[in-house]
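Two complexes, one shared chain (subunit A), two partners (subunit B, subunit C).
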Partner chain A sequence: MKVTFPHMGNLSLTAETLLRGIGLEVVVPPPCTKKTLSLGVQHSPEFACLPLKINLGNYLEAYEQGADTALMVGGIGPCRIGYYGAIQQEILRDLGIKMNLIVLEPPDAHPRELWDKIKHLKQVSWRQVVAAIKLTWHKTRSMDLLEEKALILRAKEAKKGSIDSLLSQARTRLQSTDSIPRIKEITRDYLALMDDVALSEEFRPVKIVLVGEIYTVLEPFVNLNLEKHLNSLGVEVLRPLFLSSWINEHLLGGLLNIEGTKRAPGLAKPYLNSFVGGHGRETIGSAVQYAQKGVDGVIQIAPLTCMPEIVAHSVLPSVTEEYGIPALTLYVDEQTGEAGLLTRLEAFVDMIRYRQRRSS
Partner chain B sequence: METKTIGIPRALFYYYLFPLWDVFFRELGYQVILAPTTDKRMVDLGIQKAVDEVCYPVKIYYGHVASLLDKVDYLFLPRLISIQRKSYICPKFMGLPDMIRANFSRLPAVIEHTFDGSRRKQGIKYDLEQLGLKLGHEPGAVKRACVKGLIALEEYQKALKQGQNPMTVLDSVKLVCREKRFKVGLLGHGYNIYDPYASMNIIEKLGKLGVETVTAENIDEKAVDQAAKVLPKRLFWTLGHRIVGSAFHLEQSEDIAGIIHVASFGCGPDSMVAELLERFLRRNGQKPFLSLTIDEHTGEAGLDTRLEAFVDMIARRKIS
Partner chain C sequence: MKETMFLGIDVGSVSTNLVLIDQAGNLIDKTYLRTKGQPIATVQTGLAQLNEKWHNTVEIAGAGTTGSARHLVSILVGADIVKNEITAHAIAASELVPGVQTVLEIGGQDSKLIILRDGIVTDFAMNTVCAAGTGSFLDQQAGRLGLPIEEFGNLALKAQNPVRIAGRCTVFAESDMIHKQQMGHGLEEIIAGLCQALVRNFLSNLGKGKEILGPIVFQGGVAANAGIRDAFTKALGTEVIVPEHYDVMGAIGMAVLAREEWLKGKNTSFKGFDCAHYAFRQSGFECQDCPNSCEVIQIKQDQAIIARWGDRCGKWSNLKAVGTGA
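Here is the complex of A and B:
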């Protein structure tokens, strides 16, 4: 069994560590490119949301490199991701590709369903599984801590690219280590190195919170390097959603002391009073949370036709009006162009700077 | 005491649950005011109020809300999370009251209530009772209104299972089919196929072409569940499940000549349902299949052409 998984930001670091740790042979799909996109788009339903298409592209590219099994997360509604696996499996079948999709999701009929899948995947002793999970967690968390810092500092760096090069060095080091103390050391070192990066002097930062659907928030290929563009416009990007915060909230029951979107469902009231699937409620709650912290604007991003985010988009004006900050909603699909996106970001940031000048 | 009026939009779940709301509220002493049938002015109002990305049926719902604004004491905005165990309708139904509130600056008093039948055996009955109590009616009256409402709903559903069309039962629309040539399955969310404006009278158009229509609401639920078992995974959208199950059931019916699926542009469940139908029906290759996507930009002439072509194709197959 050669296992692959879809890309989503730094997920490959996490997934590779975990799957190798439980004794599986792993094929990391090639990074998302135009080819991935066009392969996915070619075989996917036209009106499906973008993640389904790119995930499928990842599987097809990994298949070419020998993968015969793909792992993914699913769900039990109402968001479409709960049915991705079933549709993708049918598409692969019609293409004559023998690839098995294993979907990790809450059981529908019998509690054993998920358990059986995990037992089927596990090739090593339980002790080794626990060790693998711990190692994976630490890598994921440090990568997120580094990235969180980069999202702020990159806006102010004097020499462009200094933060990025530190970030990619750290990632390579994290990837190749198997020791938790070493991971902690790398994290400490690189956080310090980032602090030492020279910052430009005459700087007045704009603070923007980035909310929305998790896949489009985390994957730079689909959000067309949104965060880097914002940083280069001198915007400090605050982001409540990280892979580690998602894991903490959804798999660990919010046990760890990570802010993430823990308080979002409560804060979403009275604007959005119900769970709406996906991250819709988190989008609203996080907008409220960061508006209270005094950000200058909100950017929401989602795949075109994303149902939960459309609900959030409809409700968002009532939040931003109350706090007196502007919001920009971006939908991405296979047609979205980077230049068009950049123009909209520039206009949005200009508008915020104008507001700042006027009020000071 | 003066009778209070309650406004109900003639959109979205109107075609599924109206008899229940109608009887329930009337039993409790309210006067039910139904929004008029969808027309262009209402749709335009809805489009103005809603964000672009919202689907057409929800925009129409906004239009209905707009048309009721000054005419009623209360506006009834149910939050339909689920009407069936372990199934949802769609995220937009779950956030609908919040969406309406965020997009309308002045609304009449809103009666908002959450209906979540996903975890209760008796479905939405519990929530209905809670609604009655919340409105300050005494428990006995609420129980009676509930029971009567649910009976009305059951009778309505029975009429549909016997082959009636919701448009005929609810709105007394006369549907005529001249020279019956054959029958097709017309599948889609009720608010897309029964709303004469949204669907551009698709049922009447087919009737004029000599085609009778069977819809998902006409098919017995057990048959639907049975047929849907072919799916690799149970669909967790109530209507999506009903559409897919009906399509697979009709595929096996001798007297059905073809299947038409009507989807809303940008509808999440429809995007997946349409794909499943296309793949499964094509693999079996037994019945012709037409997939239509509609929204506020759909041209009527384009729809006509596609329906005519589909009907002609079936007619040719019948001859050869």
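Here is the complex of A and C:
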């Protein structure tokens, strides 16, 4: 059995570590490219949102490299993702592709579910499993901590690319180690190296919080490198959604002391007092949370036709009006041209700077 | 003694506009050309036209570019400031209509709604994945009906009872128009219905949750269309101002910003009207150094590479531009 999974930002680091750790053979799909998109779009229903299409492209590319099983998360509530596993399985079957899709369904998404679905795992010891989960967790958390810092510092780096090259070195090192003390060491070292990067002087950065649907927030291929563009416009990007915060909140019951979107449902209450599916409520709650922290603006991103985010989009003005900050909503679909995105981001940042100048 | 002036260039999907303003901000000259997918050649044509008229009497002390080809063109001409269209349009509107609080702008592929308060942009919206209701669609419909685009809007004003046309999506709008034609509705009624549908779409798509207050300025190429102007006035229930130079507002905004740079004491890097005659060549390649496969674009002036962009890592764009003029 050779297992694969869809890409979503740094998810491949997490998934690869976990699956290898429990003794499975893993095929990491090639990075998302225009080919992935074309394959996905060609075989998906036109009305589906972008995540389904790109996931499917990932499976098909992984299949070419020998994968015969794919992991996918399911879901409950109004977000269509709950239905996607089933659709993707049907599409693969229609294409005559012998690939088994294992769908992990919340609310009972639990490592044990994997057990019931993958026979091989019955031979794996609990000890090995626990070790794999621990290792995976540390890698995931480290990567997120490094990225969180990069999202701030990249806005101010004196030489373009300094932070990115550190980040990719760190990622390669994390990928190739299996020791938790070593992971901690890499994290410490690279956080320090980032702190040492020369920054431009006399710089008043703009702070923007990025909220929205998790897949489009985390996957740079679909959000057209939104965060890097913002950074290069001199914007510090704050992001409540990280893979590790999602795992903490959804799989570990919020046990660990990671802020993430834990408080979001409570903060969203005066504006949106209902679970609207996906991350709609988190979008509103996080906007409130970061507005209270004093960010200069909110950017919401979602795949076109995403219902939960459409609801959040229409509620967002009541939050931003109350806190007196602007919001920009971006819907992404098949386009790969970045010029239109850049125009909107530039205008948004310009507007914030004019407002700052007036108020100072 | 040559007179000091400022050049603004707006290279959009459909039109390329160049303007000259003097130190007091008066518009001295403007050109409006169709881009026809060739931004470099079109800008050079525009520069050549201005050169012919002004090279003996005018000294350019600052230049600014905007529009979707703003970065490309800024390198060709040596611009002092490069800005997105939203900022450029807002600057021009508040320069020409002091106190403006709302700008409606409809161009070839884009439509924008800009909210200003006390001369500063406080909110904006721009169409994202759909170009319903922009100039290109009106062009196409005028063509289909065999009408010159200039007359299209005036016909709408003659309508007694505009028919209802679906404005959400241009594909559906077109089939709705055809169905109504086949049922026997008059041309004027249908065109007026289309204008109302586009305005409805604009306001519900971009105006969501925004406070539209007067003075309202309507600009961009589509502001020439009397039918759309009328539909906006009716839908908003208030007067809509169309400035005299509504079709070159982006370029005016950039000239104003270039003047600001000059007032701050910046020496211009404008290459002179002569760049109308330089040989620029653009070429591209796909970088194979990592799986991102970025499409890198490079611009050559004569034999020297003057700029590269399109790479995510910055490897190519960070390379020091080789040769002269950069």
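By our rule, the second predicted complex is superposed on the first by the 343 of 360 C-alpha atoms of A that agree within 3 Å, B and C clash if a C-alpha of one lies under 4 Å from a C-alpha of the other, contacts with A are read in each partner's own complex, and residues count from 1 in each chain.
Everything that follows uses one rule, which is that a contact is a pair of C-beta atoms (placed from the backbone, for glycine too) under 8 Å apart; a residue touches a chain by one contact, two chains touch by 3 or more.
From a predicted model like this one, the values you see are computed outputs, not experimental measurements.
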{"item": "When both partners are placed on the shared chain, which of subunit B and subunit C touches more of subunit A", "value": "B"}
{"item": "First, second, both or neither for A:Leu304, with subunit B first and subunit C second", "value": "both"}
{"item": "First, second, both or neither for A:Gln128, with subunit B first and subunit C second", "value": "neither"}
{"item": "Touching partner for A:Thr177 - first (subunit B), second (subunit C), both, neither", "value": "neither"}
{"item": "Partner chain in contact with A:Gly280 - subunit B first, subunit C second, else both or neither", "value": "first"}
{"item": "Subunit B versus subunit C as contact partner of A:Pro317, first or second or both or neither", "value": "both"}
{"item": "Where subunit A meets both subunit C and subunit B, residue numbers", "value": "304, 314, 317, 331"}
{"item": "In the complex, subunit B residues that touch subunit A", "value": "50-51, 53-55, 79, 81, 86-92, 94-95, 97-99, 101-103, 114, 231-237, 263, 265-272, 274-276, 279, 283, 293"}
{"item": "Residues of subunit A that touch subunit C when the two form their complex", "value": "30-31, 33-34, 159-161, 164, 225, 228, 304, 314, 317, 326, 330-331, 333, 335, 339-340, 342-344, 346-348, 350-351, 354-355, 358"}
{"item": "Sites on subunit A touched by subunit B in the complex", "value": "45-49, 76-80, 82-83, 85-87, 89-91, 94, 108, 271-278, 280, 304-308, 310-318, 329, 331"}
{"item": "Footprint of subunit A on subunit C - complex, ascending", "value": "68, 83-87, 118, 120-124, 126, 128-129, 208-209, 291-293, 312-315, 317-318"}
